[in-house]
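So that you can tell them apart, the chains are marked A, B, C, D and E in the order they are listed, and the count of residues begins at 1 in each.
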Amino acid sequence: AAADKITVGALRFTSHAPSFVAFEKGYFTDEGLEVEFKFFQAAQPMAVAIASGDVDFGITAISGGLINLAEKGAIKVIGGALQEEPGIDGQIILVSKAAYDEGITSPEKLKGRSFGITQAGSSFHYMASKIAEKEGFSTADMKLVPLQKVGAVIGALKSGQVDSWTIVPHIAKALLKGGAVMQIGMVADYIPDYQVTTVFTSTEIAETKPDLAKRFLKAFSRGADDFNAALVDKSEGEEGATAMVALIHKYVYADQPIEKAGPSIRNGAMRVNKDAALNLTNIQDQLDWFKAEGLVKEDITIETLVNSNFVETF
Amino acid sequence: MSDKSVEDTLTGKPVPFRGGGFLPRPKKIVAPIVFIGLIAFWEWGCRTGFISPLILPAPSEAFEAFMNLVNTGLLWQHLAASLQRLLIGWFSGTMLGIIVGTLIGLFSIARSGLQPLVSAIFPIPKIALLPLFIIWFGIGEGSKVATILFGTFFPTVIATYGGIDNVDRGLIRMGQSFGLTRMSIIRKVILPGALPAILSGTRISAAIAIILLVAAEMIAAEYGIGAYILIAGSLMATDQLITGVAILSCLGLIFAWIIGRAEKYFLKWRA
Amino acid sequence: MDLNLRNITHRYDEVEVLRDINLDIKQGQIVCIIGPSGCGKSTLLRMIGGLERPASGEVLQLGDPPADCLNPLTYIFQDFALLPWRTVEGNISLVLENHPLDAAAREEIIADVLARTKLSDFRKAYPRQLSGGMKQRVAIARALSVRPAVLLMDEPLSALDSQTRELLMDDLVDLWEKENYTAAYVTHNLAEAVRLGHKIVVLSRRPGEIRDIVEIAMPLSDRTSENLELEAIQKRLWNLMRDEARAADMELVDER
Amino acid sequence: MDLNLRNITHRYDEVEVLRDINLDIKQGQIVCIIGPSGCGKSTLLRMIGGLERPASGEVLQLGDPPADCLNPLTYIFQDFALLPWRTVEGNISLVLENHPLDAAAREEIIADVLARTKLSDFRKAYPRQLSGGMKQRVAIARALSVRPAVLLMDEPLSALDSQTRELLMDDLVDLWEKENYTAAYVTHNLAEAVRLGHKIVVLSRRPGEIRDIVEIAMPLSDRTSENLELEAIQKRLWNLMRDEARAADMELVDER
Amino acid sequence: MSDKSVEDTLTGKPVPFRGGGFLPRPKKIVAPIVFIGLIAFWEWGCRTGFISPLILPAPSEAFEAFMNLVNTGLLWQHLAASLQRLLIGWFSGTMLGIIVGTLIGLFSIARSGLQPLVSAIFPIPKIALLPLFIIWFGIGEGSKVATILFGTFFPTVIATYGGIDNVDRGLIRMGQSFGLTRMSIIRKVILPGALPAILSGTRISAAIAIILLVAAEMIAAEYGIGAYILIAGSLMATDQLITGVAILSCLGLIFAWIIGRAEKYFLKWRA
């Protein structure tokens, strides 16, 4: 039979590597899938693109927009991807040099300080809330500054216009090297089992073509296994890691020489769940938080958001 | 007295009518009917599922979102934040624009030096410059006001010097022929003569200011209609999005109305 | 073909502009219509040409226009009404294009009217390149090209400077001598009226009523500028109109 | 105060518009300047008033203007040049505001000139509410308000319809009878020239040279419309100018 | 012949000159000097550290970024992607705008129904609608072209019916008086008469199209000048940002030049 054509939305980030690996190593072909990647500048439009039918599968963080689209019956989360795991470099809590010099040296001192986010309802917003909650003050005690784009937040943090931020390790480490920002903690310490990104698809595929989704998840998981082995568990040795970096470099930081891109790619390696298992507990927590913040309607249930027929949940 | 020479027995055929037309007159009643009809159709479409909620929320949902804003009192907070930015940015942009436009309109040096600069910078999309604005003016009110100021400054400059260029030279010669001083001519002849063009420039700059509000509030705005629209967009809360857009539309209509009143008042000498 | 105006009355919204006008325009005659500003002269002429419908009364056409006539009732406007984006020849061909004429016939008509109005050298010129007098000559050529039965002229000379006016008046007289056209000629200028009119209709202030009709029997060719009889008629007309002209001049334009 | 023009020559870029004009304007005299279109009449008048500098030659002022004169050389323009945003009274006060007059003196002048031009009832009207004739009366009132030594009029009547023109010409004559003003009066209209001019200067086509100067001794008050002597002069002038007027009319405006 | 009655012995004083002025004439040479001077100063400021690289990159750096684009061949890829969107969007927006504008200009029903709708929708900021556009038109070329189409449609409608309204009614009456058919009058009198206004409308809509390019390419665009600027902005790569903005400026100038040529050609009958 002819291969099924599917479109996969992706960002040029290391966290999307499993798809790239599955593509390069022919795992998709093995499943009879002919994959075309569609690249985005941000995660948000990817969710919309799935709703509009331009893209079939995507991998991104749970955001308010995604939940609202699920509520309108357009998309479903079908699996887990990136997850925080203590012991493995995860997202880092940063403060500007100026704030650090003023004594903001640990997350508990963030009370009353400004915190950069892209938009209300973004994962940054969620992390900020969780840090506040754990440190015993409320989100309202921090001044959240929506800056739309990651680049804008970086600029604002570097120039001291916002005090703090959390971000994935490869960006954080590059910033730390510059000396304009300081690390004060790890997100994993606050949200230990944070399901950072999930795999999602349109409701139509989830309900009428479950087989397609299963095949996609299978290929994706094989890619994830290779990725974890090479760069997270480092069980393939330096050679395997180098090969993996070379593979990913085709998609990520392609405009930079491999010498420059390599470390960034390695720095960005976080665990992708085996077999795309989904941390339903954390997803429920995220959903509750969105409701509590008034960003999504009260009557949305976890079933509206997630179709748990595809992967193991915990 | 009348011409009695025509014999009444002789009858001809009337001259065929071939005039009229080409003067479309809007019937006042049609516009509200169209609006109401459109909204009713839209509501009906959503109710019956003919228009999926994904594509467009029902007007009633948008209205609900609006009432939500009113009831929580957030509307005033958003409006107050936006209006402050709009008024400060628009007012200072317009004032600076009138001053620079007058200089370009009156002096050869200013015209030579500034006019090409204005033409070169005017068409630059302001969103593209947002990152620079953040660096230059910070993430506070400064960069938001600056975005609006920047956007309204250029059209005002162009409207002002265009208006001055179009002041009837005959009136200026008249002023000179009566020995009016240069200053008097500028104050009493040129500026009033350019006023209609300047006012219609403010009409345009007000529209631009509202359009730029969304861009301006991309930068670290917690409150503001633009920020509300952006959040709604990122949450895909289309009902709130439509509400926000409708509020901007109304703002635009209100501004246009105010400028219309100002025109009526200042230009009452016109036909 | 004669024209006959019967009991024409007209009002715009609340304003009555013409009241009970009865008039006939005989073939081969120039009828001049004079009156103070705003008395409804232009409105009356629009009705004669079928561009406006009177509120009551009617304009009748007695007899048929000549067979070769393309547009029986043809206007010449004060502001020339030339299309600025067409050359002299294009402006004339505009009014022929709607008629079933082949290219050669059209070309012949154009060449003929241009020659008659001494415009042949200006065929390719755009209106902006022409002086006012030349523009009005083009409009006259255009009017002649459709072989009108009646020419309707609304102050055709009043947008021109007085020397050009003098020249064009001579042209109109020469043309009449040759072709004996029928015309309704609206003007403010009494000198023009006595120079060109076989019949002069004097309207009162708004609402325009016919105050007097003066017939001048003297042939047009005899009406030279040093002519005491014409002077006397002109003076009589002026005495008839002066007060109304003054009153019309002093009127404030309504505030809207 | 007399004016004396000496050897005035002028050119715009490559185009020579005036050539060697010598002329004097005596106190109490109306000098009419006539000539075909584009011959430089307006340019000449601008030079007399100091609004333009001749390429060579000079305009001299002989003797001093009267002491109470606020603006010795004062224009009346063809297009009235009223500020549309000022009322009748505001337009007059405009030209007084630059002079050291107290409010009462200013008010007195305004009331006086409005009375003299029979405009007192229109004090608060805006220009848009006025007919052309009334607008030109306002411009005349404004000119009178600065007590000019010489009035410079550039076709002051040619934007008006001919009946209003007639009325205003009478007004200008009456005014001259009363005040004996000095004037340079540019016109295309030979009838106006013979009606108003003590001296008529005929210019040739561009470049404008003086072709003839005709002096008319007859007092203005005697120049009624049925006057064979004036008719004869007018006819002579027209014969002098006809060919040039025709040539000027036939000129194509340069392509740019 | 001249007037000899003046005695040469009597000498007066020349009439004082009081005319001239109020005609600022730009000296052609000044504009390039200002531009070059400004860029030189900016370069100097950056070299000496007077302008920190954070605030503004040196022009030479921006130029380097530009040469980078040229050398990698990416420039053509970006330009091709953007030009395609611009041309399709602008062309179809303008065509639709002219058609709808003509309807509004000619027919009472269209005017009554559509004009208020146009006035209500025109001032809505297009960025606010981007999320809806993505749902309506997808993330492919559709939504990008639609954004530009939408942005250029409304000003063209307004320019077109404004132009038709301003066609000299005298010319239309002339056409009727010569018995031209309604269609002839529309084709030969009204549309050519509205052409100057329509062309100046395209000038505005071209500027708007370029401004909207950035917004349009916010939607999932990999190539395109707008996308290049957005990426540069999000990376705070100010040198690339300035380069992108300069390219847009040049695009604007080129469009304006082309429209200027078209005006020269189509409106050669004007003075």
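One rule holds in what follows: a contact is a pair of C-beta atoms (placed from the backbone, for glycine too) under 8 Å apart; a residue touches a chain by one contact, two chains touch by 3 or more.
Chains and their UniProt names: B, E = ABC transporter permease; C, D = ABC transporter ATP-binding protein.
Only a predicted model underlies this, so the values are computations on that prediction, with no experimental measurement involved.
Asker: Spell out the chains that contact chain A while also contacting chain D.
Answerer: Both chain A and chain D are touched by B, E, going by the contact rule given at the top.
Asker: How short can a chain-to-chain path be from chain C to chain E, counted in steps between touching chains?
Answerer: 1
Asker: Once the contact rule is applied, which chains count as partners of both chain B and chain C?
Answerer: D, E
Asker: Which chain's C-alpha centroid is most distant from that of chain D?
Answerer: Greatest centre separation from chain D goes to chain A.
Asker: Using the stated contact rule, I'd like to know whether A-B or D-E comes out ahead in C-beta pair count.
Answerer: Spelling it out, more C-beta pairs touch across A-B than across the other pair.
Asker: Which whole number of Å gives the spacing of the CA centres of chain B and chain D?
Answerer: The answer is 45 Å.
Asker: Between chain A and chain E, tell me the centre distance in angstrom, where each centre is the average of that chain's C-alpha atoms.
Answerer: 42
Asker: Going by the touch rule set out above, which residues of chain A reach two or more other chains?
Answerer: Within chain A, residues 48, 51, 151-152, 155, 159 contact more than one other chain.
Asker: Using the touch definition from the top, which residues of chain D touch two or more other chains?
Answerer: 46, 49, 51, 73, 128
Asker: Which chain E residues sit where two or more other chains touch them?
Answerer: In chain E, 18-19, 54, 131, 135-136, 173, 176-177, 179, 230, 233-234, 236, 271 touch at least two other chains.
Asker: Go ahead and list every pair of chains that touch.
Answerer: Result of the pairwise touch check is A-B, A-E, B-C, B-D, B-E, C-D, C-E, D-E.
Asker: Which of the residues in chain B come into contact with chain D in the complex?
Answerer: 168, 170-171, 173-174, 176-181, 184, 188-189, 192-193, 195, 267, 269-271
Asker: So in the complex, the part of chain C that touches chain D is made up of which residues?
Answerer: Its residues touching chain D are 36-37, 122, 125, 128-131, 133-134, 158, 161-164, 166-167, 187-192, 225-226, 228, 231-232, 234-235, 238, 241-242, 245-246, 248-253, 255.
Asker: Would you mind writing out the residues of chain A in touch with chain E in their complex?
Answerer: It comes out as residues 38-41, 45, 48-49, 51-55, 149-152, 154-155, 159.
Asker: In the complex, go through chain B and note every residue touching chain A.
Answerer: 52-54, 130-131, 134-135, 138-139, 218-222, 227, 230-231, 234-237
Asker: Once bound in the complex, which stretches of chain B touch chain E?
Answerer: Those residues of chain B that touch chain E are 18-19, 21-27, 30-31, 34-35, 38, 54-56, 104-113, 115-117, 120, 123-132, 135-136, 169, 172-173, 176-177, 179, 182, 185, 190, 207, 210-215, 226, 229, 233-234, 236, 238, 241, 244-245, 248-249, 252-253.
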